[in-house]
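We call the chains A, B, C and D, going by the order they appear; numbering starts again at 1 in every chain.
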Amino acid sequence: MTAGRVDLTTRIGRLTLSNPVMTASGTFAFGREFAELYDLSLLGAIVVKGTSLEPRRGNPPPRIFETASGMLNAIGLQNDGVRSFLDEKLPFLRQFDTRVIVNIVGNRAGEYAELARILHDAQGVDALEINISCPNVEHGHAEFAGDPSATFTVVDAVRKATSKPILPKLSPNVTDIRVFARACEEAGADAVSLINTLVGTAIDIRTRRFRLANVTGGLSGPCIKPVALRMVYQTAQAVRIPVVGIGGIVTAEDAVEFLLAGATAVQVGTGNFVNPMAAPEIVEGIKGYLAERGLNSPSDIIGKVEKAI
Amino acid sequence: MTQDAAGASKFSRRVAIAGTQHLGGAIHLLRVRFPEIAASALPGQFVEVKASEGSDPLLPRPFSVNQVDAHRQTFAFLYEALGCSTRQMAQKAAGDELLVTGPLGKPYPLEPDVCDEVVFVAGGLGIASFLFAAQTLKERGDPRPVRLLYGARSAESIVLTGEFERLGVRCEVATDDGSLGEKGLVTGLLERYLASDPRNPALYVCGPAPMLKAAAGIAEARGARCFLSLETYMGCGMGVCVGCTIKMKTGDGPDDFEYQRACVDGPVVDAARLIW
Amino acid sequence: MTAGRVDLTTRIGRLTLSNPVMTASGTFAFGREFAELYDLSLLGAIVVKGTSLEPRRGNPPPRIFETASGMLNAIGLQNDGVRSFLDEKLPFLRQFDTRVIVNIVGNRAGEYAELARILHDAQGVDALEINISCPNVEHGHAEFAGDPSATFTVVDAVRKATSKPILPKLSPNVTDIRVFARACEEAGADAVSLINTLVGTAIDIRTRRFRLANVTGGLSGPCIKPVALRMVYQTAQAVRIPVVGIGGIVTAEDAVEFLLAGATAVQVGTGNFVNPMAAPEIVEGIKGYLAERGLNSPSDIIGKVEKAI
Amino acid sequence: MTQDAAGASKFSRRVAIAGTQHLGGAIHLLRVRFPEIAASALPGQFVEVKASEGSDPLLPRPFSVNQVDAHRQTFAFLYEALGCSTRQMAQKAAGDELLVTGPLGKPYPLEPDVCDEVVFVAGGLGIASFLFAAQTLKERGDPRPVRLLYGARSAESIVLTGEFERLGVRCEVATDDGSLGEKGLVTGLLERYLASDPRNPALYVCGPAPMLKAAAGIAEARGARCFLSLETYMGCGMGVCVGCTIKMKTGDGPDDFEYQRACVDGPVVDAARLIW
């Protein structure tokens, strides 16, 4: 093995990462807790929890429920607002040699633009991920994620508000995700992140009540991997901007599948809960996979999947 | 939190099972070698344990640290093999691996200034966290009297009382069917104890939700300090998913509350602040 | 327990079943193999494998692959055609005291209508399930399932060709499944069946090839249950015709969740592979659930789920 | 098929493990009590076994019937604990439950009119199905000579040869590393055997796909009848999902083929008809 030769440096448009592994929004908070487990500089990037203009209290509990090879969540974007992020969370993250991507969420295009303007001036914020696909808040799914022109409007507004790299995050709960990816590309997005969670529900047959106070929640974890992988493959063939693959990644093998399908980088979400060391183990595992095959860079495998026969 | 960027204060890895012990009914004790956790865990803290290699069950489960060996190389936790993870655990033997993360959560406030009498109130598997607490008080040479009020379904589910007695803890037991100790609920033992007008006691309570709620009510009525260890449904166990939220008072108005995370702001909470 | 009191008789519009448990199309073939395991009269209904006008050879292998709590399939509707069904498969099924529902599939609305005309005259065919949602054939998903007006056209054509009960089967790969259910209702469908499979894929990182010759396949099994349950709940509130719930049902507990969510009956698909006795065990399990609660009929729980708080 | 509507000829239920035996390496023998299957199974047939209670792994896995006890109350199968189901199996003990369905698939054509010499050709775990075949021939008092050509990675993976010898089967072994028998592949043994011009033999071959393919090629070149037992990826194992299809010749034209189901039209197929 010549793992020493492998260089995991990854370029997502104008954004350069030390490796293609990021942690997904909402599954890593603002890094503090995981910093007690490992050095965050091992990560390609950290995507922080969805951040809004004003603080949000979130949904009442119960907010999560485990399902077959997955989990439902309806957190409702509980967060302390962008000011608190800049004052209290960002300084901590800046100590690490990694990229910080802020996942932004608003009710209207104007709110997204406002967030982008505020964050545009922040040193240490490397990119913005535009969360137009959160299924657990009133204005999430229906308004932006289900309508390509609304998607365009939001991305366009953010594009005009900042020159930082922007990555709209797409919902899988649509008939054809490529249409949305193309709208983002046209609006000037640097890349697209996919997928967010599938909308699902669960019922307690003993109490005959929904398992989540919010009735429905977002389904994540290994159960959604086949759907995510299909959408990443389709999207990578439909747009020229890079695709960041997300959905059910727990091991390096999972991550390599996404790279082969055409993802330029990946995000680990629920995998962080399954195995708290998942993200750094995936970085090492990708390196090992490339080294064993005498390859030097993730770009040697990105999109390189072939037909079975 | 003031911890520095590089310093690890939690640990997570696959570790081998050092030994298992069947205590009765479906209750087992499982010991793993994990020196960092054994050395730093405090009573009331827990670990997340993933027993399955695959993705069903997907998430690790929280288990209280039950005891730590004298050299702080291994620690043990107690479990009842009833659900999907715990039944898988029961099929494991020494040498098999588990994925363990910890120590997690806020410990019991056991400092001398909290109270003059330490009272553990356990319902069923709620006993799990108290042995470590009693050991720790003993190790610290804490001179205060320690008492255990312990209720369970039947004699079969009453475990580890010998260990408590060896540590000088005064144990009182109640079972639903009267097969051991008094017939009745642990809240009965608690009522009687508080009726005896103890001197500045603090109650540390762990057990099923209805029992916690009843104990908190009794404590409030009697004006006793009361700390509850909550067994909230958890996602990550370490404060990042915000899925384990509990409603905590921030004032006296109806809207004076915030959602806190049971895993890092708890599992031990002051009963006076919890909104059910 | 007074399980003797429970009467599982279920009405799906004009179709009366002895109990609400059917076997799903493509997971039970034409009943012959399962008849070697148990008496098919125990079932509420059998939905046979998708049947077309002409025989179809199906997709090349590999056709199936197991994923986390689920499986992908791309069978490609291999079947011997409707004539062979009538001559060789139907007579066998008619021996049993159950309902036979034929899952029909075509390339154009006219083919569906033609199939409906042929089957209209068949004694022993109790209803037709219109498969407009198979993701594994060229004319499946894109043309009918993704477009409400095309869905209307097919259902309308079938409705005009037969007076037998018709149940269009809906695809989950859409932004809002209720729109499709309403189109079916308007076209005169007796009920809707949902869900068919989610489109997914998987890659072998060793060979760097897709796991299925067809590249993508349909995802089924417990992994999709939260999505199916959500769609059944939403649809049951959006239409007046009955909803038949499908997706990840392996145990009676799963089936009860669907009934609580608003399904009038359920179908067991991949569950038949997980546990070949699943369907009759589910019938017994539903009976037990009702009996333990002193309830007499599935209708006592259909749609009776409540909010968590 | 001419079976009548009510008659069960397959069986499926949860059964307790009667016993387990570690044979070497990661290879284990697992015996279950299932009289209906033990009484009706034929050599070459298989059962579907689900070891996990949960949904990962989801589907049962196919395993060949390896042996049946004399009173036909129990049967055993052989497995190598390498994948997710088989590793779970290896954690089970006598008394634990498995979900078992069978008997499934087409048996080996062992009738006297097929050939004059019976030759089993096994690669690795492909040995699993042949012991039952040898037992059956012996029970039937079949007078034909039976030979086993058996290859595996190393001595550790060569199992059950003693049982074959006790049944009067002439065994020849090859290992990749030469640690037992001849150094080389089982196809070497086969070449040499066929070069000795045996009288009307039939080959029954089970093992990894490349070995099956090689054996079929050798058989064709020598004009020997050859039956392959395929280890195709399966969904249902009983003919309903049409997911296990293999391409079989129906004539000599390029389009003269049909997709057949490996589980019911196989797993044993005539090598001459299989299109790779």
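Please note the rule applied: a contact is a pair of C-beta atoms (placed from the backbone, for glycine too) under 8 Å apart; a residue touches a chain by one contact, two chains touch by 3 or more.
Because the structure is a prediction, the values reported are computed rather than measured.
J.: Identify the chains adjacent to both chain B and chain C in the sense defined at the top.
T.: Output, common partners of chain B and chain C: A, D.
J.: Quick one: which chain's Cα centre is the longest way from chain C's?
T.: Measuring from the centre of chain C, the most distant chain centre belongs to B.
J.: I'd like the Å distance between the centres of chain A and chain D, where a centre is the mean of that chain's Cα atoms.
T.: Distance between chain centres, rounded to whole Å: 47 Å.
J.: Please compute the C-alpha centroid of chain A, do the same for chain C, then give the distance between them in whole Å.
T.: That pair's centroid distance is 34 Å.
J.: Report the inter-centroid distance (CA atoms only) between chain A and chain B in whole Å.
T.: Here chain A and chain B have centroids separated by 35 Å.
J.: I'd like the Å distance between the centres of chain B and chain D, where a centre is the mean of that chain's Cα atoms.
T.: One centre to the other, that is 52 Å.
J.: Show the residues in chain A shared as contacts by 2 or more other chains, in ascending order.
T.: 60, 62, 68-70, 221-223
J.: Check each residue of chain B and list the ones that touch at least two other chains.
T.: 54-57
J.: Work through the pairs of chains, note which ones touch, and then classify the graph as line, ring, star, complete or other.
T.: Complete.
J.: Applying the document's contact rule, which stretches of chain B touch chain D when the two form their complex?
T.: Residue positions touching the partner: 52-57, 84, 87, 91-93, 96.
J.: Under the touch definition given earlier, write down the residues of chain C that touch chain B in their complex.
T.: Within the complex, chain C touches chain B at residues 68-69, 222.
J.: Going by the contact rule at the top, pick out the chain B residues touching chain C in the complex.
T.: 54-56
J.: Can you tell me which positions in chain A touch chain B when the two form their complex?
T.: Of all residues in chain A, those touching chain B are 26-29, 32-40, 49, 57-58, 60-66, 68-71, 73, 75, 78, 92, 95-96, 221-223, 250, 270, 272-277.
J.: Looking at the complex, which residues from chain D come into contact with chain C?
T.: 1, 3, 5-13, 48, 50, 54-60, 99, 101, 233, 235-247, 258-259, 264
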